[in-house]
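Below, chain A partners chain B and then partners chain C, in two separate complexes.
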Partner chain A sequence: MQSILPHLINGLTLGLLFALIALGFTLIVGVMEVINLAHGSLFALGAYFALTTISGGPLATSEFGQWWLTFPLGTRYAVAALVGPLLAGLVGALLEVCLRPTYGKASLYGLLLTFGAALVLEESIRLAWGAGEQNLRTPGAITGAMLIGGMIFSTYKVYAAGFAILAILCVWLFLEKTPYGAIIKAGAHDSEMVRALGYDLGRLRLFVFGFGAALAGLAGIVMAPIWGLRPHIGLDVVIPAFLIIVIGGVGSFWGAVIASLLVGLSVGLTGAFVPAWSMVSMYILLILIVGFRARGLLGRKSALEN
Partner chain B sequence: MINLSDIPPKGGSPFILPMAAFLVLLVAAPFLVARFGLYHYLAIEIAIWIIFAMGFNLLFGYTGLHSFGHGAYLGIGAYAFGLFQHNVSISLWGGLGAALLAAMVAGGFVALFLSHRRGIYFALLSIAFGQIFWFSSIKLHRITGGEDGLLGIPRPPLQIGDATLALADNRIFYGFVAALAALVVIGLWRVVNSPFGRVLQAIRQNEMRARFVGYDVWRWKWLAFTISATFAGLAGALLAMAQNSAYPDVMSLHQSGLVVMMVLVGGGLVNFWGPILGVLLYFLAREVLGGLTETWLLWYGLMFVVMVMVRPEGLAGLIGTARRREAPVPPARIVETTP
Partner chain C sequence: MLNSKINRRNLLASAAAGGVATFMGPWTHNRVLAQGAAKPIMIGTTTDASGQYANSGADERRGILMAIEEANARGGLLGRKLVSTHIDTETTPATGSRVAERMIQQEKCGFLLGGVHSGVANAISQVAQKYGVIYFNTNSSSPTEAGQNCHRVKFVWDGNGTNFAKAAIKNSINAFGGTFVLLTNDYVWGHDTARTTKKQIAEFGGKVLEEILIPQGTRDFTAALIKIQQLKPSIVAAAIGGDDQKALRQQVAQLGMGNKPVWLNNQQDWPDVYGLPADNLFGVFGTTWYHELTLPGVKEFVEKYKKMYPNEAIKVPGNVFYNGYMAARELFAAIERAGTTNNIAVIKALEGHVMKARDRMQHFDAMIDARTHQVQQTIYLATANPRPKDKDDLFALLAQAEPKDVVDLDAPAACKLESYEATPTFDA
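Showing the complex of A and B:
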């Protein structure tokens, strides 16, 4: 029992981080019934924008850049954590505009368009930041290791997991307790009625897609120090995200969170005993669950089934 | 939007103009490739991908099942061919048989899970299975050679009766691949115009209606998937021969997505010949754009995005609409409905 506890905690941490990744994905799927395969690329984009913000990027040699670099890393990191998601959100909003011709057609077209967009974004990242692996620097306060209950944890992972819980709660509160959340949920439930009540559905979709993309970018910034940053990380990220959505059930918020924890646990536990096969365990989990419950754990009927 | 079912049933006679054009192109390809200063191997690659994409479109365009993990069966065919040569005997027909059988069994097994699914759930489960195969090919190092791939696969000579023909030369090998591609395309033309093909199209148009008419839809979907995977296995075996090796790379989601892109860009959703156009366009884009810029995938991806936005019926659809403008509007047809 003593030996399995660290792996359980490890798995739960991973699950929380997966939930953070899947958060924006489930929002977009729920409201727009679009599987956004570019989610992973937006994730990478957020982290890359943060990277450039911290280092000053092409402005680093100018007067402004010099002034910017005099700030401590912590300040620059905090600003980057705002700028990255914001820019990723803008790119996401642009993608939503491109998606407009596919509304009302088979769900395949949205999937295909975002697949193409993922390819374009990945190549653009390669062009702009190079193909090599990069490192997102984190402030000294949240690096290193800490001791909790006689076990050693990476400080950063503890903060990241805490941040994931915070983000999940914030998004949940936003969806459940604010009038905007009510409109979004209504849009997911019956978009025609929402339009009939006088809400601008186009703007709602634009906002939701941008918001989902910004969440992806935020997840990218949180995950980059753990997983590293390379142009093709998008594909490694989007697959767990959609697995989680399918296991949890399309459009279900808590279904996605539970599925994330399950996937995290299964990856963490298999990682402890058969490390080479840890990534396969989540696919097997998917096939087992979807094999018995076609709509996932807490799913409801969706237009995507057709 | 026009669709595949607008093609009137003609009984599937292969003696039609596009088929003749395709066969002429297949014969002329090595000369064309040489004339444009491209290397000979390209023609082989195109012919193999035509087999793969045409078999894939039976599932994708005709049955309307959007598999995003089809590269797995290409890879399984390639590994099966290589492992047969390494462990059983050096034999062309044996290797091809092993590749077809392996892909068929794998596809048939996966289809057991998939045939009850529709829409996005079908797509996602097909990705999951594809990823499992891809992962296994990387991790089963002792069998598949891991990420280094299965190397040193020989190209056994072609034996028909007593006659033997060495395939080591790329020119002769192209002849073999092209002959198989011609057989596959003619065979598929017969299949999609047969009663079987019409049932597949009925399932695509409205699965529930097809079930109410009395077809055991699950079994037909299972069959379509298995047949399509078998064609992928054939393409995989040829790829293993062409490269003299098999790599896990072809099984990745990227490659599986690539064949979807090719089929869609070419217009496989609306035309039997769409996948061929798509394969040609992809490889020409790779050679021409790839010669100009290293980021050719960026431009290809952009072209694809624009195509999905404005012309989702693809290249063949574009040609079809242009021809339709000249011709009078056909009489009323069955309107496609979504269940």
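Showing the complex of A and C:
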């Protein structure tokens, strides 16, 4: 009889990582009502930017590159964890500018545009970094293995889960405790009222999209050492992220976090006991939850339900 | 503003027109694709450029193109130039079918080459058989490809799961003990490979503690790795392919589980491991070729690759490139032996053909099995190289198995090749 405890720990860890992946996605959907199908490509892009930052990329052989490579891996990794999301955020902001003509039209336009952007970004990655598998190096302090309850766990995965908790808390604090967060939430609730109060809605959207893209890039950096890094890795991201916001309730921050933990637990536990069902378990969870509660766990009540 | 014309009536009309066109399509069996002597021979490369085998697809395509260039440099075949055309098969069986149809019907390809994913290769071969077009499955290694899914027009160039299992299981049981956990990708190649692995384990007195099925697309293997720790097998036999394998490798390396238990990775394709850190390459695995083999012709072959592809990320050829190149080269040799591009004549020139070890840069002669159309060849067992002489020297070869010792004995019974008469005939 195998112990369930390590699998529960694994499920929760996995859930936290799913939450990190879904954070940017839920923010963009919540505020802008745009399903950003390029989320996965921005996730990949963040990791690739970090890869180049750590290795020095094309500048590695230059004088600057040689100087840069004298820094320990930990320093370069920390800088990469800032540069990667920042650049992914800039690409996201650019994408938001491209999206502007679609506002006020059927949501299909935005969906198609972000789908096209995903294809362009993936192909650009392939051209810039090649089609092969890449290895995003991590500092020695967070690599290797550790024992938890007699079982070997990956130190990096524990670090990644801890990082996910930190990221979730930071985003929550930003949304709840800062005036910018209040404006974003107000924008999600009633954008016309926000505009009427004199806030620049265009800038708000630009910021939210860029911020969501930066979070996607950050998730890419954290996940690449676990999943590996290849141009089409974004495909692995969009579906779980989409599932999570539907299960959690569109636009609900904590709904997305709870949904992520549930998805992580379902994948982790089925992976242990009925592994053939581990991938499909998240879809079953979706059917079960949405079947009984169409707006998801913490989604806003629809006018039609009154 | 563009006035949308997509409405239900138009959609139904288009669907009906498409249906009629399909129904009225070419049903005749005997076709003539090209008659002019100077007309080029069209070669369709059905390789993946996207999806989980994009990297391997690009590599095998490079091999095919090098063989085509060599043939053209010699003046072509039968006085005709070779022209290749490529469409991305997207690592998707449905796309493979569509690509094969288009290559044959529109691009007028007389021969199709390329395939890494068994499902894609199977889909292409069904279309190829319908038209009688010779198809070379260059790199997919499901035993079913030369077993129940064999076709008269299809030739399988890679070693398959059975070949690799046979080469590895007996030695591993003797060296490391006989308790196994199987990690099986939940699709045709994984199941077929696991089936033959289990048979081998039983034959040599081993025991399977559990088989863990891994759905395709799995990115987190922690649950399986915890289970392996709990079951404590002496050997894990993994049949995990593509991106799943890459994620698995990364996570096994992070846990430091690469050495204990012992890992038997059915096959390790060169594009999947090239450029990764040494600890990502763990366990014992099979391959059909390595660029550091000390055999005649290997150095020249490697140099030729470097000259032709100086800017590729993969700096030396591996098994996938090799299989693509060898398959294309042997196809052209068969056309020359047959003295015609008639498909049936070329098929007959291929069946039972023996290829000298020296020509193939392997340790033993290889042969195209006339009963299954699989190339029976040398299988190498390898592991990570603890003392690499340069950054490309990733493998340490442990042993080489003769083709007769690793032959898939179940394949001839499972394979029912269509008769020559039932195969449409044409001159490419």
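For the reader, a short list of remarks on this structure follows.
Simple rule for what comes next: the second predicted complex is superposed on the first by the 293 of 306 C-alpha atoms of A that agree within 3 Å, B and C clash if a C-alpha of one lies under 4 Å from a C-alpha of the other, contacts with A are read in each partner's own complex, and residues count from 1 in each chain.
Simple rule for what comes next: a contact is a pair of C-beta atoms (placed from the backbone, for glycine too) under 8 Å apart; a residue touches a chain by one contact, two chains touch by 3 or more.
If you're wondering where the values come from, they're calculated on a predicted model, not measured in any experiment.
After superposition on chain A, the partners chain B and chain C are seen to clash.
By the touch criterion stated above, A:Met151 is placed in contact with chain C alone, chain B being left untouched. Legend: residue contacts after superposition of the two complexes on their common chain; A:Ala294 is shown touching chain B, with no touch to chain C. Using the contact criterion defined above for the overlaid structures, shared-chain residue A:Phe242 touches chain B, although it does not reach chain C.
Using the contact criterion defined above for the overlaid structures, shared-chain residue A:Glu176 touches neither chain B nor chain C, since it reaches no partner.
Contact with chain B, but none with chain C, is seen for A:Pro101 once the two complexes are overlaid on the shared chain. After overlaying the two complexes on the shared chain, residue contacts for A:Asp190 are found with neither chain B nor chain C. Of the two partner chains, chain B is the only one touched by A:Leu112; chain C is not. With both structures placed on the common chain, the touch criterion links A:Asp200 to neither chain B nor chain C.
In the superposition on chain A, chain A positions 126, 276-277, 279-280 are in contact with chain B in one complex as well as with chain C in the other. Of all the residues in chain C, the ones that touch chain A in their complex are 50-52, 54-55, 58, 186, 212-220, 222-227, 229-231, 243, 246-247, 249-251, 254-257, 271-277, 280, 313-314.
Residues of chain A touching chain C in their complex: 2-3, 6-7, 10, 13-14, 17, 126, 130-135, 143-145, 151-157, 225-228, 230-232, 236, 267-269, 271-272, 275-280. Listing the residues of chain A that touch chain B in their complex gives 35, 98, 101-102, 105-109, 111-113, 115-117, 119-120, 123-124, 126-127, 235, 239, 242-243, 246, 250, 276-277, 279-280, 283-284, 286-287, 290-291, 294, 302, 304-306. Residue ranges of chain B in contact with chain A, taken from their complex: 66, 113, 116-121, 123-125, 127-129, 131-132, 135-136, 139, 253-254, 257, 260-261, 264, 295, 297-298, 300-302, 304-305, 308-310, 312, 338-339.
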